[in-house]
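Let me begin by presenting the structure, written as structure tokens, before commenting on it.
Should a chain be cited, it is by its letter among A, B, C, D, E and F, assigned in written order, with residues numbered from 1 in that chain.
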Amino acid sequence: MAKRLLEHKIGEFFIEEEPFYIPLGKEIEMFEKAFKSKLPVMLKGPTGCGKTRFLQYMAYCLKRPLITVACHEDLTTSDLVGRYLLKGSETVWTDGPLTTAVKIGAICYLDEVVEARKDTTVVIHPLTDDRRVLPIEKKGEIITAPDEFMLVVSYNPGYQTFLKDLKQSTKQRFIAMDFDYPKPELEQQILIRESGVDNATAGKLIELAQKIRNLKNRGLEEGVSTRLLIYAGQLIVNGIDVMEAVRAAMIKPITDDAAMQMSLEEIAVSIFI
Amino acid sequence: MAKRLLEHKIGEFFIEEEPFYIPLGKEIEMFEKAFKSKLPVMLKGPTGCGKTRFLQYMAYCLKRPLITVACHEDLTTSDLVGRYLLKGSETVWTDGPLTTAVKIGAICYLDEVVEARKDTTVVIHPLTDDRRVLPIEKKGEIITAPDEFMLVVSYNPGYQTFLKDLKQSTKQRFIAMDFDYPKPELEQQILIRESGVDNATAGKLIELAQKIRNLKNRGLEEGVSTRLLIYAGQLIVNGIDVMEAVRAAMIKPITDDAAMQMSLEEIAVSIFI
Amino acid sequence: MAKRLLEHKIGEFFIEEEPFYIPLGKEIEMFEKAFKSKLPVMLKGPTGCGKTRFLQYMAYCLKRPLITVACHEDLTTSDLVGRYLLKGSETVWTDGPLTTAVKIGAICYLDEVVEARKDTTVVIHPLTDDRRVLPIEKKGEIITAPDEFMLVVSYNPGYQTFLKDLKQSTKQRFIAMDFDYPKPELEQQILIRESGVDNATAGKLIELAQKIRNLKNRGLEEGVSTRLLIYAGQLIVNGIDVMEAVRAAMIKPITDDAAMQMSLEEIAVSIFI
Amino acid sequence: MAKRLLEHKIGEFFIEEEPFYIPLGKEIEMFEKAFKSKLPVMLKGPTGCGKTRFLQYMAYCLKRPLITVACHEDLTTSDLVGRYLLKGSETVWTDGPLTTAVKIGAICYLDEVVEARKDTTVVIHPLTDDRRVLPIEKKGEIITAPDEFMLVVSYNPGYQTFLKDLKQSTKQRFIAMDFDYPKPELEQQILIRESGVDNATAGKLIELAQKIRNLKNRGLEEGVSTRLLIYAGQLIVNGIDVMEAVRAAMIKPITDDAAMQMSLEEIAVSIFI
Amino acid sequence: MAKRLLEHKIGEFFIEEEPFYIPLGKEIEMFEKAFKSKLPVMLKGPTGCGKTRFLQYMAYCLKRPLITVACHEDLTTSDLVGRYLLKGSETVWTDGPLTTAVKIGAICYLDEVVEARKDTTVVIHPLTDDRRVLPIEKKGEIITAPDEFMLVVSYNPGYQTFLKDLKQSTKQRFIAMDFDYPKPELEQQILIRESGVDNATAGKLIELAQKIRNLKNRGLEEGVSTRLLIYAGQLIVNGIDVMEAVRAAMIKPITDDAAMQMSLEEIAVSIFI
Amino acid sequence: MAKRLLEHKIGEFFIEEEPFYIPLGKEIEMFEKAFKSKLPVMLKGPTGCGKTRFLQYMAYCLKRPLITVACHEDLTTSDLVGRYLLKGSETVWTDGPLTTAVKIGAICYLDEVVEARKDTTVVIHPLTDDRRVLPIEKKGEIITAPDEFMLVVSYNPGYQTFLKDLKQSTKQRFIAMDFDYPKPELEQQILIRESGVDNATAGKLIELAQKIRNLKNRGLEEGVSTRLLIYAGQLIVNGIDVMEAVRAAMIKPITDDAAMQMSLEEIAVSIFI
């Protein structure tokens, strides 16, 4: 049940089964070339549009292990790089996920990097210029990344406030790729596959999702993700009434505003009933 | 008297007696299907309307242990996941309640999750997508949740300020279920059962509660909870004068404003005298 | 001289002599019923009006030990619940005052609870619903409170700012009892007993206190407490001139404003000279 | 050279020589009565007007040791009460100055108490009501203060901002005594004694000080202290030109404003030349 | 793979191969004279214009090791100077990069020094006046820098806000050298060499870069760096369509604004198609 | 290379060679008298006007060791006074620079004292009144300063904001001495001596410095320091073109504003060409 990150067991971070992924455009080719050119990549796009799935797919195709770190306000350099821990009467160094990724030549994915503390964005600088090194200041070591190592960050432009934007000196170290929700036909295909819902219902759920997404910045902070569509589908397949499922999975999670909930309810009714 | 959380003694977290719970609508079916579909659930609703009781009931019905964590501003990832502690001359890892819940396949309930520090909301992300894993970064381990594990959070939309809202990338990982105070007849039934108050008094207490709740956002920050109704009932049963009991349990705890206390007093008088 | 809190020496926290307390109203009966119904109690009222004395009296009457914690901005959950301390080469768990109170079935009094950090207000939640348990997360233990355990908090509504109010989800866990300065005749009796001042002087000091309290919110932040009245009495009994005593104990401690001090001085002169 | 605070060596904190102090009014009697009545005292007054000297004098007269703590923004309860320190392989408790003062029955002087962190003002509460105890939470001990223990705090009302005022629940635990600069004749006497300056020069320095103090709140934040007067006297006695001495000790330290410095210079010239 | 910073292995920090660098003006002579005169140097200029490369080149020419520290908000004096670490049962001092640089007579480069905490800017003061010493307060040592030691900081004037400017007492310790993007012909040469792109495409990429840089402060926070130009070139050489490469490397990384992206796209189309 | 501060090696802090210093006025006499009268001194003046050099000169003349501490936002009392450090299995006390200075009777110079945390300004209070003691609270010791000990602080009035001013209760413990840039003839002498530049060029550099200093508060935050003048001289002597040297040492370090740089450039051209 428990897997050890730290003994360079490369195999464990490999994606063993091919993840289900249908390309949105030329993103696969661009990612492959960036990998070949050893360029760091930034994935830009809204919540739940498939960035994580895409990376799992690319890690599978490129046959590289994938190490994911969800960034947050309290994530420090030590959390990424490693720290000394007391074991018995000795202090033992423990690699952080970024150090492990550099050592085993993995794809390291820093999800929502803008949330991390500033020191963590600086620690990746030397990995993203032609030096491709990771200085581990606490150990006085500099590790050179192998050619297979790749750094990927994600970033949701809609969220950033003035105070929480990435510095240009960080941004300009990545090529950037835009992501968005899949096209309707494609999303319908994904929805059917992942939830088992029938074709007709899937079509209606997609239609509803489209309409909800059009309300982004017109009362909704964010559109509805593919993930929530799949939740709705799963509830329906498990016997929940379609309107109940839509309420629980596609309306209540995305807004607390009663009037907006009412509007979304009306849109749903017009589609399903 | 003291129960050990940490040795995976699954049994201890089981609810042994059936909790008293009367359904408000179809919430039981929805919760069962979510459990079956392995979907994380968010309970939305005001203070003291029965969310905790509902969860105890569902844990009893689903025969799963229930581990509850009351979230607060200083709750860190380590508080949830675990930490190394010095025992004698060695550091020993101690699982946090979330890790225990994942290991024993419990229902883990994060009460008022929005109060927790941001790092704690990020740590639940990998548990709420199709990976269903809990990375324990300090140990370099990744634990896969068994099918029986379920994550539930609660959230009171009325309280959230701009600064303290959940991120959409967190919200969109849950199906949401609304909760509210029970319907009058139902609440009266609960009140009689829990406090032992007679039917007539119970009816009047309910009537008063209804009128108080109507003042929410018209001078009252929040309505009066079922819990306070029961407190009033208990005091009355123990021989306290009904108006004294109402003052102590239903008026003074919910507002410090003298004029508002006076108005509530008048409403109470009109009902009881 | 030093008493050990931690070895569950119940006896030490008992109030051995009957504290001097004259009831203001029906507060004794209400408190007894709350104790009997195992309801948590919130005492609301201004500084120095006798809340602490009342609790000592109730602890004496109910024959329960009393453990008091003065809350402040830096009071943490660990300060209440306990922590591991290094003793020799081992870490030893040390119960905090709340844990001790739960274990020995004491009345635990959190004075000015609103001053404490938010995590401490959350830790009392499970003690104040029907579970009546105290989770000690650092030890992985859950302690069930015996029937004799009672939680009491105090709260001065006049002080609270928007940022420092108790959350409704905390407030609605207590029945509330209002406290105010004792009625003049009663306060005079207390003053004579505690300071030894003669009846005539006591009457004039009470008259002055009444006039000062009427200025609350009209230039004075707070009225003068019974404690300061007793200080004035003690100084007079020890031979200090009455006006000097009044200045030192009843005027200068409560305001720095020169004009207000002058007004209070004039009121005092009109009464004493 | 180094004196050990911690082994209860009472003697070391005694003031051995009678400090030079000339009473301003009836402050000595008031302080003696407060000591006798075991009342805590608050000294109110501007910087450098003799509060510390007064306390040294009273400690000498009352034959009690004096322990002084200069409060500041980072002063914590542990700094006052004590903490565990690692010595060799064991943790040893080390009393803080307040605990030492309670144990040896000293006068404990918290200078500028309003500067301390809020937790420190709460820790003195139980010492200032009729319990007269000091709870040492980290050791689980409660120490009862002997009758000789006395708590004194100082407080400069001119400085306090809204955010940094003492809480009424703290203020109302002290009797208050006002202090101000000594009367001219008295200050002249002090100045001559402490600096050795001749009578005529002393008179002129006092005249200048009076004029400077009149400018408080009219361009000057604070008047000039007796200490700075003595500095000026000392420089003059050591051969510095009187105007140079006045500039260095009485003008430049109290204001950075060039125009105000000019005005003070002119006043000085009109007096000395 | 791992290099040890700490054992004064001077050789490891030497730049072994001559870095590719084409002078922009007289910066090489100025730097050599500053090195000879033992003057600290501040490099001023935008992100990605070649400051780091210049320093690598100068370190190679002057045959000095180069130690680089990327500064950030959480960089402390200890991170620069060193700290005690627990190894087994002993604490061992570990030099920080600045101490190492002083000891081995390296060029120490503090990149974006303004980002560091204030204590770090003060620690470099004694190294930048005629004392040329580094006090290591935690060890009670003062190290004198050898003549070969040189301190260099970088600073991007465009970024600094009022709150994050360097103090004049820090700034006035450095001679300052301006850097900017290379002249077009020179940048084209660099671009061809580093990416392998053909001459015609390189010319067009340079033309685009010039136009983008003209938009700085007219909708763009910062111009496009030489680094991003090289990324674009590398993608094109690897077979990515030229417009796709320009989007990924020169448009999306520098702005999130949809309208600005459109404008940049149009400029690119007018040049390439 | 490394000197040990802590074993009271008085000799090491002595200034062995007479520092080059030309008096600006009567500052030497004033300082000597203050030393003789055991008065603490505050040096007021702009960056780089010679305060540090003056102190080195006085320490040399008075034959006292000099210990300098550059203050900053994170400087704590422990940094000044000392702390316990773990060495092997024992904690060993390590004196801070202030304690060392008191013990060896040195001149202790707290440079830019206003930058330090508030607790550090309070720790110097007992050293600056007639007690002349340093309480080491963590060790429970009080050290009496020998007559030779002297405390000196510096302070730049131009910088202080409302939030960062010294408290009057701190300021009024020092006599104050103003410092400013040296008079032109004197500064020219210093410049020639320190940089080796010829007399004519020195005269022009001084002329430029005068004109730049006149722009203080008219677009420049601060004038140009003598140090930067010497830098310019050194570059010129090392063969750098005079205008290049002026740009690098006297224009670019003091302002980032392009228009202001242009104006300064024109002034320089008018003088040198």
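Assume contacts are C-beta pairs under 8 Å (C-beta built on N, C-alpha and C of every residue); 3 or more make two chains touch, one makes a residue touch a chain.
Everything numeric here is computed off the predicted structure, so don't read it as measured data.
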item: Contact-graph separation of subunit A and subunit D, given in steps at minimum; value: 3
item: Subunit B against subunit A, contact positions shared by both copies (same if over half, else different); value: different
item: Cα superposition of subunit D on its sequence copy subunit F - rotation in ° rounded to nearest 5; value: 60
item: Subunit C and subunit E, separation of their C-alpha mean positions in angstrom; value: 60
item: Mean-CA-position distance for subunit F and subunit C (Å); value: 52
item: Where subunit A and subunit E are represented by their mean Cα positions, the distance between them in whole Å; value: 30
item: Touching two or more other chains - residue numbers and ranges from subunit E; value: 86, 89
item: Topology of the chain contact graph, where touching chains are joined (line, ring, star, complete, other); value: ring
item: Ring of chains, enumerated from subunit C in the sense that reaches subunit D first; value: C, D, F, E, A, B
item: Interface residues, subunit F side, partner subunit E - complex; value: 1-6, 47-48, 52, 68, 70-75, 79, 85-89, 94-97, 100, 111-112, 115, 156, 159, 221-222, 224-225, 227-228, 231, 234-235, 238-240, 244, 248-249, 252-254, 256
item: Interfacial residue positions of subunit D with respect to subunit C in the complex; value: 26, 29-30, 33-34, 36-37, 39, 42, 44, 76-77, 84, 86, 89-91, 117-119, 121-123, 125-126, 129, 136-144, 157, 160, 167-169, 171-178
